[in-house]
Structures are given as structure tokens and as C-alpha cells.
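What follows is chain A paired twice: with chain B in the first complex and chain C in the second.
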Partner chain A sequence: MSDSFDIAIVGAGPAGGHAALSAVKSGLRVVLLDEQAAAGGQVWRCKSTSIVSAPMTPESLAGNTLRKALAESAVTHHHDTRVWDIRREDDQWQLQILKNAKSSQIHARSLILATGAREHVQPVPGWTTPGVIGLAGATALFKQSLTLPGKRTVVSGTGPLVFYVASEIRRLGGTVAAVVTPNSRTDWARVLPAMALQPKLVARGALWVADLMLAGAPILWGHAVSRVSGHDHATGVATRNLARGTDGPSIEADSVCLGHGLIPNIEAAQMLGVPIRHDPALGGWVPEAEPDGRTPVEGLYLCGDGCGIRGVTAAGLQGTLVGARVARDLGKSSPKPSLRPWQRAARFGQAMTALSLPRPDLEALSTDDLILCRCESLTRADIIAEIDTGAASTNAVKSGRRACMGPCGGKYCQSVIATLIADRTGKDAKDIPPPTPRPPLRPIPLGQAAGAFDYDDLPIPKPAPL
Partner chain B sequence: MIRLVPNHAARIKRSEKVTFTFDGMPVEGHDGEMLVSALVRANILTLRHAPHDAAPRGAFCCMGLCQECAVVVKGQTVEACRTEVTADLVVERV
Partner chain C sequence: MTQDTTYDIAIIGGGIMGCATALRVANGGMSAIVLDQGDLGQGASGVNAGTLSLQIKRVKLMPYALKGHHLWEEMGAAVGFAKTGGYTLAFNAREAEMLQERQTLKAEAGAPIEFISNNRLRAAEPNLTQKVEAASFCPEDGYANSSLTGQYYRGRLRDTGIPYRGGCKVTAIERANGFTLTTPQGKIHAKRILLAAGAWLKPLAALLDVDLPVNARVNTVSVTERVRPLLSSVIGHATGLLTMKQKANGTVLIGGGWQGLGTPQDGRGTVNTDTVKPNLALAQYAVPALGKARVTRSWTGFEANVPDFYPLAGALPGVPDAYVLGCVRGGYTIGPYIGQLMGDLILGREPEMPLFDPGRDFEKETI
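Then we have the complex of A and B:
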């Protein structure tokens, strides 16, 4: 199967979804590719078919609006579809996709990457214990399945997500054992001016905090989880008061949600040659892109959190900007929306990102036997030994110890390893880029990627002359 | 006690319950739900053991990235967070 389109969009979250809606208005053939069963991305993840009915939330309403608009549009939406390789061939983008266990190709003149973000989880002793999930992972459980991570949960991490997760646990009938957040009240006071831009969200957040206080759930400001106890099941956490450098209370729990901000998913853009730069205020390494999505690579555009963590509102607005820009570049007359609303939304989003800037005091909770690379069970001591014997880049640690080469492809260790390299070699974080990304962009079964073929049809290159 | 965030648990209506097996054990889940969700509710958290130190591991990112929840369905390794519960689903450990 091969399909040809004017525009292919990878990722059907707020950014990709709105880019599709904006571009399709000019009559272009648009294909939207996404690995979930329905559009919405992580933030507007759709309920599974197991939910017959449930009270609506602002997130489910926003997601439903996007899904309805897409369904009523001429956008071709390939859901449950993994894009595992992208190449440029004869002025066209060629995307390798896997859908229903079958591999096929999509061709498009222009490509928009709206690959969103993943979570940064600062490793802490015990973080690999079953029962410990990411904060973002918890939101996936809530939104898709309305399921709690356990009966009694410690919610720990930076930024606003920690309070959202705690309030959702309360809404779904669970118990919040404690909220443990490295952010102090002063950190929050510092972002107040930018928060005034989104008074509704501020009111919602204040309600979450007030509800937790009324429920008697301890909120440990300026604290971090320093250890998760339990072997095959989390049984509780030890905490650390970061300001005082003393031990905080220990808390019993059967589940722990951990997260320390978002990281843009840049692998696809990086693989296609978009230059990247280090900007902690945007979540770390970000690809170079204009507000309207243009990149130095011809025919390639970016939007949403995948090119810098600016939050859901900014992502949707940027999607609309980029969809219109691509349409204009393909010779269609498309409106040129103002940048102002996006800039305004981005200010708020970046203020939230600022609450999750890397913190040396969190990294200081690491121990030598702490597992940094979950896939290969590599400890901090393993990685340090590799760095101290000359591996001064993430690529070097990758080839030396396979860190970033396991099934997750480095998604949960590369930023931690880069920080450790910078620390050990005295270099700046901006001098330690992530490792070279290579296809497949997502793990795929080799048999399915290869598809059905006849051995006789395989081209055999001429043997090299002896 | 005053609640500012209402408890919606009783207002959630789920699809019919079906039985699938995990590592030979019967487990109940709701038709169409995320496999991780059904396993968490059944208190089955250890889904596999890490290849080098054999340490227990369970679902972590719940969005198809970390591969910690890898299980085997019909001979194929799949992510439990991207697999739906259906009646007679047979899930094995990696």
C-alpha cells in the first residue's frame, strides 16, 4: 500500500490536530498519523471503549471538540499507526508506517512534526520498583481508563502536573498519601505574573491545592522523594527537605507517581537534519523552528511541545499557524493568523516549564547503585566508570555501555546521562547533545516492518572485486 | 468532610467485565480497557524482570515509550499500555 498526500502530520495532539484542521481548509490533501486509538495526544487522551459514561472534565471536553472537528473534516486520520522511519526521496517525504501489524508507506510533499513531549523523571533509588509510574503515565491511566495507580498514592514532582494528578486521584475516589514537590512556595510566587495570563487555570489549580488541604493530605513543599521502598511492590517513600538538607517524613503508600517536567520529543526532527540547541527554558534540547513552524530543512515544519515546552494552549495555536503556513508555501491562499495569542499562551506555558528546570539538589539524591538506564539496568557507577575512562559524549556512553540502545531508545536516560557527563567532565550542558537518533523511531516487530516478500525479489548487490 | 474536588467514582459506568489470563491466571477486566489498567486493578504490578539483574519491573510511562510493560500476546511482544482487554485474551510474560 502506498498513499500520496500534500501534507503528512505526525502526531494528533493539540498541535498536530489543529495543524491538520488549518491546512485542510485550503483544499490540500492532509494525512494525520498517530499511535493512539483516537486523536488528542497525551493531554487530551481519549477514554477507551471500556468507559460507557463518565463525568466530563475540561480535558475530555477539549479533546472531544478536536476529535469531532477532525471527524467532520476532510483530514485522513490514521490512528493506531506508528511512524517508524522518515526519509526524503525525490522532493517527497516518505514515511514508513505500521498499522494493524502491517507496514506501508505514505508519501507527502510537506511534513509537519507534532511529536509532543515525554516526561523527565529524575531517577531516585527505588524508582524501578513496580507501583512507581510517571506523573504523565498516571494521567494516561486516568484519561484513558479512569483507573487509579493504587489505593494510597504519593504524588511527587515539579510543576503543576503534580497537583493535577493529586486532584484526579481524589476525583476518581483514591487517597493521596502526600504531595511531595521540590518546588517551594517561593518558586510558585515567582511565576505568578505569568500565571495571571490564564486566570481560569490559576483558579483551577488553587482549588486542587485547597481540596488537598481540606482532605488533610500533606503537601511537602521544597521536598523530594529520596527513596522508594519495596521490592516487587512499592510500600512507601522516604523524603528529603531540599532547603534544609535534612530528612523529611517517611510516608507509607502502595503507589508512587514521579515526574520532573517535560522533554520535547525531537528525535524525528533531529534525524531529518534540523539543527538543535539547548534551551532549559523550553525543556532542554529543541529543534530550530520559526513560530510558524518553518525549519532550515525544506518542506519540514514543526509545532507544539515537540519544538519547545510551551503548553497545550500554545501548542494548539501554533498548530493553526503552521497549518496555514504550509498551505501558503504549497501555493494556496491561507489566512496569516496573528502571532500574539500564541506568544501570550507560550508565556504561561514557559512559566510552568520554569518550575521544572533541572535542579542539582535533586540530582544530589542519586546513589552509586542507582539504576539510570532502566532497559540495560546500568547503574550510576557503571555510567560514571564509562565517562571517567574517556566517554565524553552521550554517543560514546551509548556505544560503550548500550545506555540509550535498549528498547526505550534512551527516552528515559539520555538527559540524565548527559547531565552526568557534563558534571564529570566540567562541560556545559549545551556541549553535551543527545545521541544520534536512528530509525526505528519506535520499537517495532522486525517481521511486521519487513512485511511479506519473496526472497527471489531481493536485490543482491554485486560482490566487491577481490 | 467538605470536598472541593467531587468524588466521581460512583458516576463512572464501565463496559461489561470479561476474563482474560495473565501468565496462566484468570484476571477480570473491562472490555476495551488498557491492559495495564486491568492489571493494576488486579494488583498485578510485576509484569516482567529486567534482563540483567532480574529485578521486578512494571508499567512506568503508560504511553508506549519506556517498554517496561512489555508482555507477550499471540507470540508477539506488545506493550500492555497499548493493548486492549478482550474476552479470552491470553497474556504471557516476556
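Then we have the complex of A and C:
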């Protein structure tokens, strides 16, 4: 199977979904590719069929609106589809996809990457104990299947997500043992001006906090989880008062949610040659892209959190901008939407991102025996030893210790390793780019990548010289 | 050392050949510095499939390859060396004929290669396909872990007191009283230079107005996740277009010289799905159980090449006190040894085996 389209969009979240809707209006053939069973991405994740009757939330409503609009549009939506390699050939993009265990190609004139973000978890002792999950991971459980992380949960991390997760746990009948957030009330006061841009979201946030206070769940501002206790399963946490540098209360719990902000998924853009730069205010390394999605690579556009963490509202608005831009670049007379709404939403989103800027006091909670690279079971001491013998780049640490060579491809450890390299070598974070991204963009079974073949048809080149 | 230091030799290129030469000349009393545009051992030296197989070496390079094997064995665990023995397979009559012809010549050149029965093959490697038409075996074959190249040579250079600089691309070479190299880290002065920049040799030699006939191959390697033990030896194919081994950690490394895209001049190479697919298909054909293993990464590395496929190793034509080393077919295997020979030449000693004049006529058979 080989299919040809005007525009291929990778990622059917708010950004990719709206890009598709905006582009398809001008009569272009648009294909939307996504790993999930339904569009919506992480924030607007679709409920599984077993919980369709569960009460609606603002996220599920927004997601349903997008899903309905996509279903009624002329967009070709390939769900449950993995894009594992992309390359430009003869003015066309060629995407290798895997669907129903079958490999095939899609061709498109223009490509929009809307690859979203992943969660950053700053490792602390015990962070790999069963019962510990990411904050964003917890939201996926709620949204898709109403599953709770446990009976009694410590919810810890930076930014607004920590309050959303705590409030959802309460709403779904779980107990919040405590909210532990490194952000202080002063941190929040600092972002108030930007929050005024999104009064509805602020009101919702205030409700989450009020609900927790009424329920008597302690909120430890300016605190971090410094250790998760328990061997086979989490039994509680120790905390640290970051401002005072003293130990905080210990809290019993059977589950812990940890999250310290989001990191843009830049691998596909980086692999295709988009220059990247380090901007902590946007979540770390981001590809160069204009507000309307254009990049220095011809025919390649980016939108949403994958080109900088600006939040869900900005992602959707940018999707619309980029879809229209691509349509215009392909010769259609698509309207040119105003940048203003996106700029306002982006200011709010970036203010929230600012609450999750890297914090040395949080990084200082890591100990040398901690596993940083989960795929290869490498401890902080292993990584430090490699750096101290001269491995001064993420690629060199990868070569020497296989960090980033496991199934996650470095998605969970590369930023922590880069920070360690900066610490040990005195280099600036902007001089330590992530390792070279390579295909497959996700691990894929060898047999499915190779596809069906007859031995005699293999295009075996001339043998090496004798 | 200060900026004003004049080194006996500046070696441009911190791969196996550059580092091995540096160690040899330092051992002979010269002061050397190693410069690399990236990190040490991150070019072809650090990203190749690590196969150490006499069965895929060129006949005329066999004496060098045998010496190379011994050096890798000496480096041992520090470079992930494993002597597993290796099988080369033919899957049809045409390939069997090719195998017979090629391995016979290589055995005559000194490689202990023998042809083996299907039963013996099956007993040694039960997970191989039933469709093997003929097979050869070499007990000397094995592999090392190429990704440890940088780590290994950084340590060796440090222990020997040889300075090295990463992120130090040479952008100009001035000749007056020796050589003055312009780099982002300042000027570097040396009495002699060795160009050992692999696939980047052509633009480097152009700084001295020398045109080396070097082009680049873009070799592809893939690796799987950790899987149950499937293979205990290095597996090759009669055409040389498959090399495969399972590492101690359970990952399976698949190579064979399938070509990716890109050139050294525009930066990194790109994996070409059109060539990765048949490479993986060939691997799966040889070991059907591999079909279920997930591929976690495919990558490319630039290998330097010249029209007659023999090394460039000797004086740089027309430039006194400048030398060049590279383009060695089987450079990973032979690199540590040919680096020693090169070091001896630079030290003014007679190398143990002949080197390969970079000024030869590449259109004629001169080797």
C-alpha cells in the first residue's frame, strides 16, 4: 500500500487535529497519523469504550468536539498507526508507517509534525519503586479508564498539573495523602499577570485548590519528595523543605505521582535537519519554527508543544495557523488567521512552563546510587564516572555506556544526563545538545520493518571487492 | 602546554588510526597532539558494526588483518573483544560457488578458514535457518564493541600523556617552519602533520591543495532490543552483505555495508529505509526468530574509500613532513596495526610490513 497526499500530519492532538481541520478546508488531501486509537492527544485523550457514560470533563468535551469535526471532515485519519521513519525524496516526504503489524509508506508534499511533549521526572531516591507514576501518566489513566494510581496517593511536582491530578483523584473517589510542590506561593504570585489572560482556567485552578483545602489534604508549598520508601511497592514519601533546606514531614501512601514539567518531543524534527536551540522557558531543546510553523527545512512545518511547551490552548490555535499556512504555501487561498489569540494563549502557557524551570535544589536530591537510565539500569555514579573520564557530550555517554540505546531511546534520561555533563564539565547547557536521533522513531519488530519478502527478490548489491 | 608549544606531530582525526599512530610515535619519543572535529572515536571507528572477521577481509590485506586481530585480542575487555568464531553462509548455489572461490583464496592468504557440514553448523547455531546451502568457519573471528573506541583511546592517550582536543576542527593549514593549524581553539604548531580524518580526508587535504581521490561510503548498522540467546558466533553472508552478532547483553547488531544517504561534507548521514529493509530481511532470513525482536536504532557511519579499495598510508604527495592514513578496507580490524606501521614510518623506522603509497596511480593495479 502506498498513498499519496498533499499534507501528512504526525500527531492527532490539539495541534495536529486543528492543523488537519484548517488545511482540509481548502480542498487539500490531508492524512493525519497517530499512535492512539482516537484523536485528542494526551490532554484531550478519548475515554475507552468501557467508560463512555462517565461524566464529561472540559477535556473530554473539547476532545469530542475535535473528534466529531475530524470524523465529519475529508481528513484521512490513520489511528493506531506508528510513524517510524521519515525522509525527503524528490520533493516529497516519504513516511514509513506501521499499522495492524504491516509496514507501508505514505507520500506527501508537505509535512506537519505535531509530536507533542513528554513528561520530565527528576529522579529522587525510590523513584523507580512500583507505585510511582508520572503526573501526566496519571492523567492518562483517569481519562482513558477512570483508573486511580492507588488508594492513598501523594501527588508531587511542579506547575498546575499537580493540582489537577490531586483534584481528579478526589473526584474519582481516591484519597490525596498530600500535595507536595516545589513551587512556592511566591512562584505562583509571579505568574499572576499572565494568568489573567485565561480567566476560565484560573477559576478552574482555584476550584482544584479550594477542593483540596476543604478536604483537608495538606498542601506542602516549596517542598519536594526527597525519597519514596518501600521495596516491592511504595509505602510513603519523605519530603524536603526546599526554601529552608530542612527535612519536611514524612507521609504514608501506597502510590506516588511525580512530574516536573514537560519536554518537547523534538526527535523527528531534529532527525529531519531542523536546527535546535536551548530555551528552558520553552521546556529545554526546541526546534526553530515560526509561529505559523515554517522551519528552515523546505516543506516541513511544526506546531504545538513539540516546538516549545506553550500549553493545550496555544497548541490548538497554532494548529489552525499552521494548517492555513501550509495550504497557502501549496497555492490555495486560505485565510490568514490573526496571531493574537495564539500569542495570548502562549503567554499563559509559558507562564505555566516557567513554574517547571530546572531547579538545582531539586536536582540536588539525586544520589549516586540512583538509577537514571532505566532501560540499561545505569546509576548516576555510572554516568558520572563516564563523564569524568572525558565523555563530554550526550553522544559520548551513549557510546560508552549505552544510555539512550535502550527501548526508550533516551527519552527519559537524556535531559538528566545533559544536566550532569554541564555540572561536571562546567559547560553551558546550551552546549550540550541531545544525542543524534535515528530511526526507528519508535522501536518496531524487525520482521514488520523488513516486511514480507522473497529471498530471490532481495536487491543484493555487488559483493565487496575480493 | 601553552599555545606556543611546537609539537613534533599534530594528528588530525581522533579515530583508531590517528590514536594508534599517536601512541606509537609518543612511544618513540615524539610529542604528539590529537585533534578531532567532534569527539574521539565518534566517526567510523566508533559507529561500525565491530565485526572482526578474517572471512570478509581482502586477500591482499590478510597479513595486516591477522596482526590486527592479535592487537584487538590484547586490548581485550576494555574494547569488548570476544573471539566467538564466525560462520559465513550461502543460501543458494550461486552464493555457494562464490563462497567456495572467495574463502579458498582467503585461506591461501593465511586465514584459518574451513568449509563445514550442515550438521556441524546446526549443532553450533541451532537458531539459523534450515535453508543454508554451504557454510565456512573461521575460529579466529569475533567482534569488539566499536562504541567503546572513544572511551578506550581517551584513556590510552591520557595514560600516555598525549593531549587531545575534541570539537577542534582544523579550518586552515599554513606551511612555514613546520605547520600552523587554525582551529576554533586557537592556532596549533607542529613540525609534522598526519591527516587521519577518515571520510573527511578529501576536504582536509584540500587545505594543502592536495586532491586525494577519497569518497565516502555510508554504511548502515541496526541494533535490536535485548532478546533471548539466539546466536553464539559472528554470522556473515557469502556476499559480505550481512554481518550479525549477539552481544553479551542480548542485543543483536546487524550490519553488512548497506548504503545510507548523505555526504561527510553536509554533516551526518541518513539511514535509507530502502536499504535497511533488505538488510533486516537478510538477517531475518538467516535467523527467523529475529523477526519478533524490536529494532531500537539504525544508524550510519562514513567510511573512506578510494578507487582501488586499498589503504592510503604514507607521505602526502608533494607536501614534505605531511602524512596521510586512511581508507583501509576493514579499517576497524586493521586500524590499530596500520597505525603502528604509520608511527614507525614517521619515526624514521622501517615498518614491519609495506605501507600503501597515497601518490600511487589508482587506475592501475599497483598493490
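Here is the rule we go by: the second predicted complex is superposed on the first by the 465 of 466 C-alpha atoms of A that agree within 3 Å, B and C clash if a C-alpha of one lies under 4 Å from a C-alpha of the other, contacts with A are read in each partner's own complex, and residues count from 1 in each chain.
Going forward, a residue touches a chain if its C-beta (ideal position, glycine included) is under 8 Å from a C-beta of that chain, and two chains touch if they have at least 3 such contacts.
Bear in mind that the values here come from a model prediction, so they are computed numbers and not experimental data.
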{"item": "Clash-or-fit label for the pair chain B, chain C on chain A", "value": "fit"}
{"item": "First, second, both or neither for A:Gly173, with chain B first and chain C second", "value": "first"}
{"item": "First (chain B), second (chain C), both or neither touched by A:His278", "value": "neither"}
{"item": "Contacts of A:Arg29 with chain B and chain C, given as first, second, both or neither", "value": "neither"}
{"item": "Touching partner for A:Arg359 - first (chain B), second (chain C), both, neither", "value": "neither"}
{"item": "Partner chain in contact with A:Lys427 - chain B first, chain C second, else both or neither", "value": "neither"}
{"item": "Which of chain B and chain C A:Arg344 touches, first, second, both or neither", "value": "neither"}
{"item": "After the two structures are overlaid on chain A, angle v-u-w for chain B, chain A, chain C in degrees (C-alpha centres, nearest 10)", "value": "100"}
{"item": "Touching partner for A:Arg204 - first (chain B), second (chain C), both, neither", "value": "neither"}
{"item": "Touching partner for A:Arg438 - first (chain B), second (chain C), both, neither", "value": "second"}
{"item": "Partner chain(s) touched by A:Pro465 [first = chain B, second = chain C, both, neither]", "value": "second"}
{"item": "Dominant toucher of chain A (residue count), chain B or chain C", "value": "B"}
{"item": "Superposition-derived minimum Cα distance between chain C and chain B (Å)", "value": "7"}
{"item": "Overlap of chain C and chain B interfaces on chain A (superposed complexes)", "value": "406-407, 443, 445"}
{"item": "Of all residues in chain A, those that touch chain C in their complex", "value": "85, 87, 94, 96, 386, 389-393, 395-396, 398-400, 402, 405-407, 409, 436, 438-440, 443-447, 449-451, 453, 455-456, 458-461, 463-466"}
{"item": "Chain B residues within the chain A interface of the complex", "value": "1-15, 29-34, 36-37, 40-41, 45-47, 50-53, 55-68, 70, 76-77, 81-82, 84-85"}
{"item": "Residue ranges of chain A touching chain B (in the complex, touch as defined)", "value": "35, 42, 48-55, 101, 118-119, 128-134, 136-138, 140-141, 144-150, 167, 170-173, 207-208, 210-211, 214-215, 231-233, 371, 374-377, 406-408, 411-412, 442-443, 445"}
{"item": "Residues of chain C defined as touching chain A within the complex", "value": "39-42, 46, 56, 58-59, 91-92, 98, 102, 105, 131, 147-151, 154-155, 158, 166, 223-225, 238-241, 249, 251, 257-259, 261, 268, 270-273, 276-278, 280-285, 290-299, 309, 329"}
